[in-house]
Structures are given as C-alpha cells and as structure tokens.
Amino acid sequence: MTEQHSVPKLVAVLGANGRMGAEAVKAVDAAPDMKLVAALGRGDSLEQLAASGAQYVVDLTVPESTEANVRFAVEHAIHTVVGTTGWDEGRLSDLESLLAAHPGTGVLIAPNFALGSVLASAFAAKASKYFESVEIIELHHPDKVDAPSGTAVRTAQLIAAERAAAQVPQSPDATTSERAGARGCEVDGVRVHSVRLRGLVAHQEVLLGGPGEQLTLRHDSFDRASFMPGVLLGVRNVAAHPGLTVGLDGYLDLGL
Amino acid sequence: MTEQHSVPKLVAVLGANGRMGAEAVKAVDAAPDMKLVAALGRGDSLEQLAASGAQYVVDLTVPESTEANVRFAVEHAIHTVVGTTGWDEGRLSDLESLLAAHPGTGVLIAPNFALGSVLASAFAAKASKYFESVEIIELHHPDKVDAPSGTAVRTAQLIAAERAAAQVPQSPDATTSERAGARGCEVDGVRVHSVRLRGLVAHQEVLLGGPGEQLTLRHDSFDRASFMPGVLLGVRNVAAHPGLTVGLDGYLDLGL
Amino acid sequence: MTEQHSVPKLVAVLGANGRMGAEAVKAVDAAPDMKLVAALGRGDSLEQLAASGAQYVVDLTVPESTEANVRFAVEHAIHTVVGTTGWDEGRLSDLESLLAAHPGTGVLIAPNFALGSVLASAFAAKASKYFESVEIIELHHPDKVDAPSGTAVRTAQLIAAERAAAQVPQSPDATTSERAGARGCEVDGVRVHSVRLRGLVAHQEVLLGGPGEQLTLRHDSFDRASFMPGVLLGVRNVAAHPGLTVGLDGYLDLGL
Amino acid sequence: MTEQHSVPKLVAVLGANGRMGAEAVKAVDAAPDMKLVAALGRGDSLEQLAASGAQYVVDLTVPESTEANVRFAVEHAIHTVVGTTGWDEGRLSDLESLLAAHPGTGVLIAPNFALGSVLASAFAAKASKYFESVEIIELHHPDKVDAPSGTAVRTAQLIAAERAAAQVPQSPDATTSERAGARGCEVDGVRVHSVRLRGLVAHQEVLLGGPGEQLTLRHDSFDRASFMPGVLLGVRNVAAHPGLTVGLDGYLDLGL
C-alpha cells in the first residue's frame, strides 16, 4: 500500500505524429510518474486506445477529429487533456452533457499549455484594476497569418472584464493626430500591438502604468518544449477535477 | 443619509516636510474622498494631531519618532498608515499588545507603497514554484549605498519560502569557473544581481525560466509619486482591517 | 598663455523661463568650462544679448521667435545652439545664406539633444541593413497628442534610407487577417507602434531580427535633465563646426 | 562575360558533422551564390579538400586541428573563414608569417558570427564614452560552465579601452554595504552580471546611463542558426581582405 503512489499513470497520446504530439510522446516517456501505453496517429483506430489500458489520454490532433476522440475517451472513463482547437460553445455544451452522465471522469481543454503564458495572463488581469493604463504588445515570427494573436485577444478580454467589474475607466489617451494604425488595434477597449520579426517565436508583454511607475509582465516562448510542463501538469491533475475544465489556470494554485 | 458615503475621511500627515511627506500632503489634498486636517512636521506637537479631529494619520517620519507617533494615534483611536522604517520584531510585538487593547483601530505598516512593486513580488513568489529557475535583477541609481536592495531581499525570501513549501529544488547552475561575483549574491538560495546606473531610479526584474520559456516580472519606479496610490489605498482600507497589518498586499484583492 | 584653455566660454540662454530653458540655465551655470552671462526670457530685448558679451547662445524659445533670435546671433558672430522646433526648409535655406556671409560662425539645430536617443537612431539605421526584419515601438505618457512621435518618424526614415541604399527588401510579413491597426502604422515601409501609458516619459525601441537572433536598441528618457549633456556638448563643439549643422549626430564621434 | 558575377563560389566545410558544421553545410547549400563542394568530418583527409576544387573553406572543427587545417588551406591558396576557438597569440603570429608568404589569400578568424552580437558590442563601445555609467548583464542556459561569458568579457574590454582613451572616469558607485557578489564581477573596471536560467540560450544587455536617460543594447541568440548569416558574410568578403582579420566587425560597414 505504501508503494501505491509510485504506480505510474498509464497515458496514451493521440496525434502522435504531429509536431506537438511528438513532443508529448517524448515528455510522457521521460516523466518518472507516467508510462506511455499508446501513441496513435492518423489512421489508427480508437479501439487501440481502449485496448491500451490507458487511464489518461492527451489529444493533440486536429479540429475535425478532437470531438470524437474526447467523447470516446469519456465513454471509456479515460481522463482527457486536450490541446486541440475547435471547441466552440456547441461542442463544449454537448461535452458537458456527456460528462454529467460520467461523473467520475475529468476533461481539461486548454487553449494554451505554456505555464508562463497562462500565469502572465492571469496576473495581468488581476493587476489591471490597480493601474490607470494598460496595453499589450505581442511579438511573433513573420510567418504568422493573424494579428493580433489569439492569446493577446484572450488576455485583453480578461483584462477588460476585470477592469469593468472594478469600474476602472478606459486607459487615458490624448492622441488627436494619428498616422493610421500607430495606436494599434482595440480589443474590448484595450490597445493591442502586433510585431512580426524574423528570429522570434512567440512573445507577449502586458504593460501597466500608474503615476510614476510601470509593471511589465512578459512571457517568451522560445520552443514547443515550453508546452510540455503544462501538458504533464494537466495529466497529473485531471483525475482530481472531474467534469469539464477550460483553461490550465483552473489547475494552478494562484490564491495569493 | 443617502449622502453619508460622500463624507470625506479626515486625514493628517506626519513628516509633512520630508520628501515623501510632502508628496502625501499633495495626494491627500487632491483625493476627492479625503480632507487634509493637519500637516505636521518636526517640532510640531502630537497634541495638534489630536486637536485636528483626524480619523486617519499617515506617518512618514523617521525611525526615531515613528513608534511614539503610532502609539499616540492608536491611543486616540486614529487609524494609522505607516511608511517609516525601523519597525523591528520588538516594536511590532509591543504594538500588537497595544492594539489588542484598542480592538477597533487599524494600523498598516508597509515597507513599500508602490502597488506595482507589491504586486510583482507577490506574483513572482506565486509563479516561482512552476519554474525550474529563478533569479532577480534589481537596478538603482548609483548613489544607493546598499546592495542588494531591501525589496530584492524580501522578494527573494518570499520566493524561497514558496519554493521550499512546494519542495522545488534550487535553480540549476553548472558554473564551475566563475570570476568572483559574476553569479551575483545569494539570498536564501536565490541569486540576486544589483546594477547601479546614473539615470535610473528604482527597478526590479524577476526572471523565471523553464524548458523553452521565460516569464519576466518587471517593476519600474520612475518617481516618488508612484507611492501615493498605495498610500491612499492604505487610508481607504485601514479602518476595515482592525489590528496590525504588515505589507500592503494584505489589502490587495489578489485571489485568482 | 598656458592657462588660456581654462578661460570659460561665455554663454547666454534664450527662453530662460521655459522648462527646457530653466534646465539649461542650471546646466550652464554648473559647467566648469562655461560662464552664464545672460538668461533672457519673454519681453527681454536681444540688445541685452549683444551687451552681455556672449560668445555662445542657446536658443530654447518658441517657433515664432527662434528665427529672429538666430539671425541676430549670427549677425553678431555668436555661435548658436538651437533646440526650438519650427525650422522648415525655407528657414534653413535662408539661414545657410546668412551663414555664407558670416563664415566663421557655427549654428547647430538639433531636434533632439538626448545623446542616447541620437546614438540609438544612428546605430539602428546602420544595423538595419544586416537584418531581415525591423520594427519600432515608441512609448510615451498618455498626454501626448501625436502618434507616432517625431523621433520615431525620423528613426524610421533613417532606417528606410539605409536599407534602400543597400537594396534590402521590406521586412517579411505573412499577415492576411488583421484587426485594423494591430500591425501599427507604416513610415517609409517601416512598421511603427505607439504605446501611451501613465507613468512613462519618452521611450523607444528598435527591434531588428534575423534567423535565430534579435538586436534591440532601447532608449529611455526619464527626465528633461537628459537633454542637458547634449546641449553642453553642442556648446563645446559648435565653434569648431562653422556653418549650419542639423542634428547632434554631426558632432558625435561614431566612426566604428 | 556579363554573367561572370553569377558564377557561384566553391565552398568546403570542415567539421561538417559537428553541430555548427552541420548548420554551415545547410547554409552554404542554400545560398544562391555558393556551391558546396566538400563537407569533411573527423577522419577525412585534407587531400580531399585540395581535390574538391574549393576556393573557400569554413573551418568549424576543434582547437586541436584548426591550426593544421588553416595552414593547409593557405598553402593551397584557399580563402578561409574560421569559427574554431584556440587561436592564441603564438598561433596568430605564426599564421601572419605564413600569410605574408601568400599575399593574395585571406583568413577571417571570428570568435562570434552572430551579426547582432558583433554590432551590439561595437555600438556599446562607441557609445560608452558619452555616458557616466555602464554595466553588462549576460544571460545563458544553466548548463554553461563559465561565468561571465567570453563575449561579455570581450565587450567589457572594448568598452574599457574606449572609455580609457576618452578619459572617462569609472562608473559611479556609492555602495558601502554589499552582500558578497551582489554588484557582479569586474572586467577592466566594468561590472558584469551573469544570469543562468533554464529556457534561455545566449543573451546580453549593455546598459548605459546618464542624467535622466538610459541606452540599452540587447542581443538575443535563440538558435545556432543565428551564426549562419555571419558565416556567409565572411565567405562573401574574405577574398577582398587578404591577410589576417580577427573579428567579423572588420568586414562590417559601421562608419556612421
């Protein structure tokens, strides 16, 4: 009995041939408290997942297949950590109904597994009501097609909601003469600036300013490896959070 | 009765001729929910404080007089916000005894009133258990006589305590060949680096690193004005926190 | 004769009651190699300048009066350092004609006296032809009415000229989906982003990126005092540069 | 004849199996103006280099073999670009003698091929005489064994030499109470701080400060790919610089 804590978690990875999936296979394999029991890719059958004996599954596939994968896992009582995009309100609502019928199973859907990024967004929102001004700068490689980034949009929305709840007015801005675009775009009243630069990967700064002071929260993603500590943290905690959790911050101890 | 919320708080400032005190006099005077009823300096009598009708007092004096000032205020049921240094364990313990006998009165003793700095330290501590590595860089004007700064030492201690509680090992470091001092000093196992540069005021960065990612929490104090929002926040909340509070973070809503 | 080098330069300041002018009065007064012989403000006569015996004059007045001031000085063989704006092509051309008739006298017109800012712009231009990507972020207090700043526009123009001469193509950018303004404004093909934040003064970053690397040149102006070393450097060098010089970089030793 | 400029340069890479060498093989192969004619590793004979018809060779081997490689190349009139360490004064002097006997051949020995890093060091040295204060922070992954980095030491030496030549006094520092190491180490009177953090690669900041302003020159190496533009620039320019050149900055157009 005293050894029970050392029994490894049995983990399967879906999307194992993709770039993120391949990283996850390596990360699970290297984790001392996990055992990789299946690494499935395009063309493999979900029956292989059931046959593998997996207690946990990490879904890093594509929007077209993630919903079927997750539903299969829940129906087989396999806790699930999802990094695939494409979960709109309808899908989330359907999944919650399914989970209500399988009350012991947990699903985590996380748009972002980089711990530093999740923490920076949460801190930025929390701090933003104590400052007159807040703006966001996100910086990415020049092959990115959308501006601003999804993370910047979500961060701005979190900030806007927190400031609205605390009745903080919009950031002051006396600009009367602007070359079009100089002041960035607006997301729920928060200014966001997108830099595209060869050499960069994915970076974000939230700048908060008050009289005589500035608080800067910056996150740098240098490498896809940065998502793996978050994936493993998800696997380690999903069983203790039955039902649906959206966002890795739901598993972080951020009570200050 | 419906107007009751607009009755201004009656506030006195002690140390009104000092640099911080003079800023506080201006800040209280400009606050729409406060009325400055006394601005006392060296040579003024504490009886003037009692006579002023102050409900709140801000003490920005010197280590030699702060204890007598605070005790006088508590004995007269005046809520007190203290920015003066010199409160060692013995003084704090004596003050707690006095407050036990005046249960409705609140005292806030804050080593740092810059909201951004207090937030940055709290965030850094909270985040530090999720990262392999953490180091601190503090940067000040070259007339500062101590290195590292008191704020950096406190931040390092908070981080070290949080990591110890979560059983996070020390930051990795393969250095075997070091020019003396290159790797900074150590505070409870956390490396701290002190930069001194003409033009700077008071700045601090906490760098947190994990595989493929970095989280940076930076605070810049450009001006003494940066302390005033924190002083006013202290005055606004001290009555709701009877007894002794050390550190402005006790008044901040940081639950995430 | 051997002491001749220690004879102080006789300096007058025009616009002495303005904020920049008042700083200049203090700076000249404190400089060991200068003697302040006149500090003239609105309402004072230029005859007082002539009577003061000034060899050098610093003009920090307003666009309406700077041209008359400088012409008077040149006609009296007084070397002149100008920080006032409003010198368009016509005025500059007229001044050059006047200087041709007074060949021993020097005039420096500098849009920016912060040495760090002038150096950062010069370095950015020089470096920009070695990198695929370049963007500018300028950050100022929220009371500024124009965006982007004049310094950012000039920096972008310098960079664009240097890259054009070296036949470097425009920075790559795959953006196909943009929320209006996210990618900033364009100045001669260079993207510029303007942040406005309470607590800031005047700051600028030039970001240069190539495969796997980034070079960042950042300048922070915390205080009007930052212009004074440049003003004094101007006074010390203007006599050795007869004729018209535009831009403090003309006096800096930047040959690398 | 008019097409002559498009004849590709014939390039060999030595150390092709090492990490840097493998990158160089890819970079030469992808360069439109170059043709890879040999990629030699441990165990291959230098005769293969002679037989390949190479006009240029890139040496990215080990200190034990670089000298023999370069001498062989010079004796065969092959221009050489060297990224291997281990070239002490004695070896350099011997090489110069050899080159004197082969006056048409060029050799570039570069301790650093990252263009941004070379530029940042050159700019920092040039700017440093205009500022009261200068300090260096270098930041690397925690597996690095030496502190400070070789690049930081060289940068500090360049700065110290430039300031000495301009008779600029040491950076001011009023520190009287220091926890050992807080103020970093000293290299020729310049303070250097070494940060070691998981997730980082190789980064350096030079901070320059004067009254009310700061100039920051930062370089980030995210990836070994950052060295390749410098290697190719070396190959493209080495024939036009017969004899020995140490440092890539000798080939850069930095006249300002």
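Going in written order, the chains are labelled A, B, C and D, and every chain counts its residues from 1.
We take it that a residue touches a chain if its C-beta (ideal position, glycine included) is under 8 Å from a C-beta of that chain, and two chains touch if they have at least 3 such contacts.
Remember, it's a predicted structure, so these values are computed and weren't measured experimentally.
S.K.: Is the number of contacting C-beta pairs greater for C-D or for A-C?
M.R.: More C-beta contacts join the chains of A-C.
S.K.: Look at all chain centres (mean of CA atoms) and spot the one farthest from the centre of chain B.
M.R.: Computed centres place D farthest from chain B.
S.K.: Take the average of all CA coordinates in chain A, do the same for chain D, and state the distance between these two points in whole angstrom.
M.R.: The mean C-alpha positions of chain A and chain D differ by 39 Å.
S.K.: From the mean C-alpha coordinate of chain C to that of chain D, what's the distance rounded to whole Å?
M.R.: Result: the chain centres lie 34 Å from each other.
S.K.: So what's the Cα centroid distance for chain A and chain C, whole Å?
M.R.: Here chain A and chain C have centroids separated by 46 Å.
S.K.: Which positions in chain A touch two or more other chains at once?
M.R.: Residues 131, 199-200, 208, 210-214, 220, 222-223, 226 of chain A each touch two or more of the other chains.
S.K.: Which part of chain C faces chain A closely enough to touch in the complex?
M.R.: Chain C reaches chain A through residues 131-135, 137, 139, 142-148, 171-187, 191-200, 207-214.
S.K.: What does chain C use to touch chain B in their complex?
M.R.: Chain C residues touching chain B: 199-201, 220, 222-223, 226.
S.K.: Which residues of chain A touch chain B once you look at their complex with the stated criterion?
M.R.: Residue list for chain A touching chain B: 114-117, 119-120, 122-123, 126-127, 130-131, 208, 210-229, 249, 252-256.
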